[in-house]
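So, here's a batch of structures to check.
Same chain, two partners: chain A is paired with chain B first, then with chain C.
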Partner chain A sequence: MRGREKLFLLIAIVAAVGLSFASGSFNRYYLGIAIDVGINIILAVSLNLINGHTGQFSLGHAGFMAVGGYMAAKLTLVCGPMLPPAAQPFLFLGALLLGGIVAALAGLAVGVPSLRLRGDYLAIVTLGFGEIIRVIFQTSDFFGAATGLVGISKLTSFGWAWGFAAITVYIVASLVNSTYGRGFIAVHDDEIAASAMGINPVRYKVTAFVFGAFFAGIAGGLYAHHKAVLSPGGFDFLKSIEIVVMVILGGMGRTAGVVLAAIILTILPELLRGVSEYRMIIYSLLIIGLMLTRPQGLFTFGKK
Partner chain B sequence: MSAPLLELDKVTIKFGGLTAVSEVDIRIGEGELIGLIGPNGAGKTTAFNLITGVYQPTSGKIHFRGKPTAGVKPHLLSLHGISRTFQNIRLFSSMTVFDNVRTAMQGNRAQRVRDALIRGKSFREVEARVEHEAMELLKIFGLDEMRETNGKSLPYGDQRRLEIVRALATKPKLLLLDEPAAGMNPTEKRELMDLIRFVKDKFQISVLLVEHDMKVVMGICERINVLDYGKKIAEGTPDEIRSNPKVIAAYLGKDFDDA
Partner chain C sequence: MTTDWILQQLINGLALGAIYALIALGYTMVYGVLRFINFAHSDVLMLGAFAAYYLTKNIPALATPGVGNALIVILLSAAICAIIGMTIEFLAYRPLRKRPRLTVLITAIGVSLFIEFTGQHEKVFGAATKPFPQLLPTTDVALWGLHISSNDLVVLLLTGILLLALWYIVQRTKIGMAMRAVSYNEQAAALMGVNVNGIISFTFALGSALAAVAGIFYSMRSPGIEPLMGIQPGLRAFIAAVLGGIGNLPGAALGGVVLGLLETFFGGLPGLSSYRDGIAFALLILILMFRPAGLLGKLQPEKV
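Take a look at the complex of A and B:
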């Protein structure tokens, strides 16, 4: 067991970056989807820490993503032109981390007061938070108001997206698969019993929110530098729901299942482009059918 | 008598107009096995929740190891040495038997976030130690064979035992057992009585037992407190309690002539 997890992380990052160097020869369209998949893995796995492992129903993930995206994009837009090309990757890394940290702070700010709430009430508060964030960006001239930010350099490559996806999986899985991490699941299973056993539920919930929001922020930064434009409309309620669906479909609290669900749910709408008018109907029907036949999630393999 | 481990001094709690527990005094010394009995709705579980910090008393004081527990959160009281089981079993339902036990060990902050992320030498040492201690505990209670079984799929009696193991994993000074014999058959009850005595002696702890089953309470408790309508109506040895007219009246009801 010694160092196995770290080895996995190293191999995944090397593979992602290695493939990235070869990506010039790939079809641009498929490459774009592959990057989307990487970003969605980050979003789904980080939300899984909050909704799946810790059992807190958050609908604000798009809000955290927006915070990270706008912060990162603003930084590269302002500082990018001043720096030589060689420094761009470092600027990008800094921008992503800045986005992640600001999103984590937002997670802390939302987390602490709203963690006195449970279930539906928490869902409503996080939903409200997501909308507030979107409206703030929509009305702030500094962040381009309703137009959003344009002309963001396309810095996100396959390696960046999948490298961070690997880091996210490593960190969430490491957190949960430890004696420390059993606390998240204890809070999910029974908060009263958890606190009677010396587990501080508030601390675990806030930790889950901060880590979850941090990676949502990173994903936002990657998204911004992948699409090259950011508009507040992209971070609405539907985006949060999309991520929640990935988590539910993947089997709440099962990292491997959630990764698979993120891959499938990103590719599926693309496959359905041929029947574009019915795309959302088919997508919705598939989800309803799934919930009826497999309410425990599509993939229930892998330990919790 | 030395300073008691736990002392309730005129503890009262009101929920709106209802006084659930009224001016109750309870003392538990080191290594004692104390019973708390009373008819349904007498306030026994409420008293438990007061001791474990789930509720705060409206008035009166609770001292544990000489320190007041007012305002101390349940998880901190657990770290200070109060552990409990629940009337309706509250195991961690998605976890294995082994994970249920090791989760209770994390209460002592065996690991922190960075240990789990860095996975260095100290992390592996803690994991190994926790595994060893958890398995030792499970072995004592004959549950080690079931380590990878989901806790909730154990037979009922084993679930009760696992809850006690989990409570012991927090290394308590005082163990509160909330109706551990509920739903058990006579054989299981006899085993439970042996188990409670064994736990008390082996781990050198005090036990406060809430129980409906008179045979169990009378059979193992050194002293018994009786609650009725939130008030303590009697305290004494099992023999004293058995012949106490107030207790008999509370359990069997009074004749109209006496009233």
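Take a look at the complex of A and C:
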């Protein structure tokens, strides 16, 4: 089992990077959507660790993404011109990791209140953290205030996005399937029973927030270097909801389903572009309809 | 910082806080009976403002500002929103009554997005900001050397009356007793012959009517109305409800006033005004760290 998962990771990364070299021959529009899909897979799978596996309802994932995006973009904006072109991929990798680590620290800060809060209250606090992070970026001149950051070099390629998506899926899946990771599911199922069994729920919750935030930060960095502009408005409550919907649609705690939901929900708005004025109305009706008919998620196959 | 300034901000803050309190009551009442956060509440507020806008625009008799006309417009808008609130509950929430609360929460977010995006469609309200009609002739009342807008005084007075009326309904009438019974224990209330569905409908009607009034008051103080206008006051009111202890009526009123005052005082200080959005949330997180069930809420011990 272990070996098979490692093989999957290797094949996925090689395939992603290999396809990336051929990306020049693809339609730029489709390539852009493909990169969006990769980024959204990272976001959805990382949120799934917090919301699905550990059962801590978080509404602030866009905030973590913003932290990672801003940190990574600032680093490449400042250091990029000083370095030769050959060093750019290393700088980009460093920037992504920096964004991930700072976002993980933010996740730690959010995870700590979860010591005492649960359910709706936790959802509100994470929502609040997301908004606070947005306000900080919106008012800080260092990060371009309300206009945001512009002129970020377009370093994100198909290989980077899907490579990191594969790494995220692999790490989250092997974390949850490990002996240690059973604790996440135990906390999700019954916190009191879990702590009676000697599991420290606080530690698991904080770990879930830190890991989830780390990958959201990486996704933010990829997003920044894909769109080339960052504005605080892009990381509002609606963005968090978008990621939550992917997790719910895919079935909470089911990695395969969540990946599929991320793919579908990224492509769907593009397909609806022809009826763009009704696009968001259809999207919201879809959420309501799904909750009324299949609240357990669309893709509930596979093991949980 | 003179006493005049402080008194001036006090009046402004109280008027704003009164509006937040009216909205927060709707959140907290619904939470009391159904135990979920009605995200669509902030959009009912917007619909209330638009109801008033279209009433004054299409009925010439109501177009002239005056106390009588204003009261008629407010009552009609409240009635319209009460019907909308009951409809939302009937179509979207009632089928999910027995489902996990998370499902209902996501549905509520879906309903909220649906109302917002439908409202933004050009054939409905359109995304552009519309000037809100003058409902009352406004003058600045000079009181102890302060300039107070007569609108603020009307808002304070009417809110006071509405809060008293609400207190009377909940504490002194039969239907209020039934509301409290459903909130305390739904099954036991049903066994005692309380029509639970009817009471939940009534709660939605009451909350939505208050939201409509709050929406009109809010629009009287702001430059114009647009389909997304409900989000910001809705979010604040929601913080207010959690701050006071969600499910607790006096708590919601208190939370609203506290938040309104803090926002006005911090917003009035130079250098802090741009952080106003963040401050409300930071305060919320801080209070929840020390009192996880809000200011007036009681922490329910978790039973195994």
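The rule we apply is simple: the second predicted complex is superposed on the first by the 301 of 304 C-alpha atoms of A that agree within 3 Å, B and C clash if a C-alpha of one lies under 4 Å from a C-alpha of the other, contacts with A are read in each partner's own complex, and residues count from 1 in each chain.
The rule is simple: a contact is a pair of C-beta atoms (placed from the backbone, for glycine too) under 8 Å apart; a residue touches a chain by one contact, two chains touch by 3 or more.
The structure presented is a predicted model; accordingly, all values stated were derived computationally and were not measured.
**Student:** Regarding the shared-chain residue A:M82, is it in contact with chain B (first), chain C (second), both, or neither?
**Tutor:** A:M82 sits against neither chain B nor chain C.
**Student:** Identify the partner contact of A:I192: answer first if only chain B is touched, second if only chain C is, both if each is, neither if none is.
**Tutor:** Touch status of A:I192: both partners.
**Student:** Just to be sure I read the superposition right, which of the two partners does A:G128 touch: chain B = first, chain C = second, or both, or neither?
**Tutor:** The answer is second: A:G128 touches chain C but not chain B.
**Student:** Between chain B and chain C, point out the one touching more chain A residues.
**Tutor:** Looking at chain A, the partner in contact with more of its residues is C.
**Student:** Figure out whether A:G181 sits in contact with chain B (first) or chain C (second), or with both, or with neither.
**Tutor:** first
**Student:** Jot down the residues of chain A that show up as touching in both complexes, chain B in one and chain C in the other.
**Tutor:** 192-193
**Student:** Show which residues of chain A lie in contact with chain B when the two form their complex.
**Tutor:** On the chain A side, the touching residues are 1-3, 5-6, 171, 174-175, 178-183, 185-186, 188-190, 192-201, 207, 253, 304.
**Student:** Report the residues of chain A in contact with chain C in the complex, numbered from low to high.
**Tutor:** Residues 57, 113, 116-117, 119-121, 123-125, 127-129, 131-132, 135-136, 138-139, 192-193, 237-238, 241, 244-245, 248, 277-278, 280-281, 283-288, 291-292, 295.
**Student:** For a test of understanding, state which residues of chain B touch chain A in their complex under the given definition.
**Tutor:** 52, 54, 73-75, 78-79, 83-84, 86, 90-95, 99, 102-108, 110-113, 115-117, 119, 123-124, 126-127, 130, 166-167, 169-170
**Student:** In their complex, what parts of chain C are in touch with chain A?
**Tutor:** It is residues 31, 36-37, 92, 95-96, 99-107, 109-111, 113-114, 117-118, 120-122, 231, 235, 238-239, 242, 246, 274-275, 277-278, 281-282, 284-285, 288-289, 292-293, 302, 304 of chain C that touch chain A.
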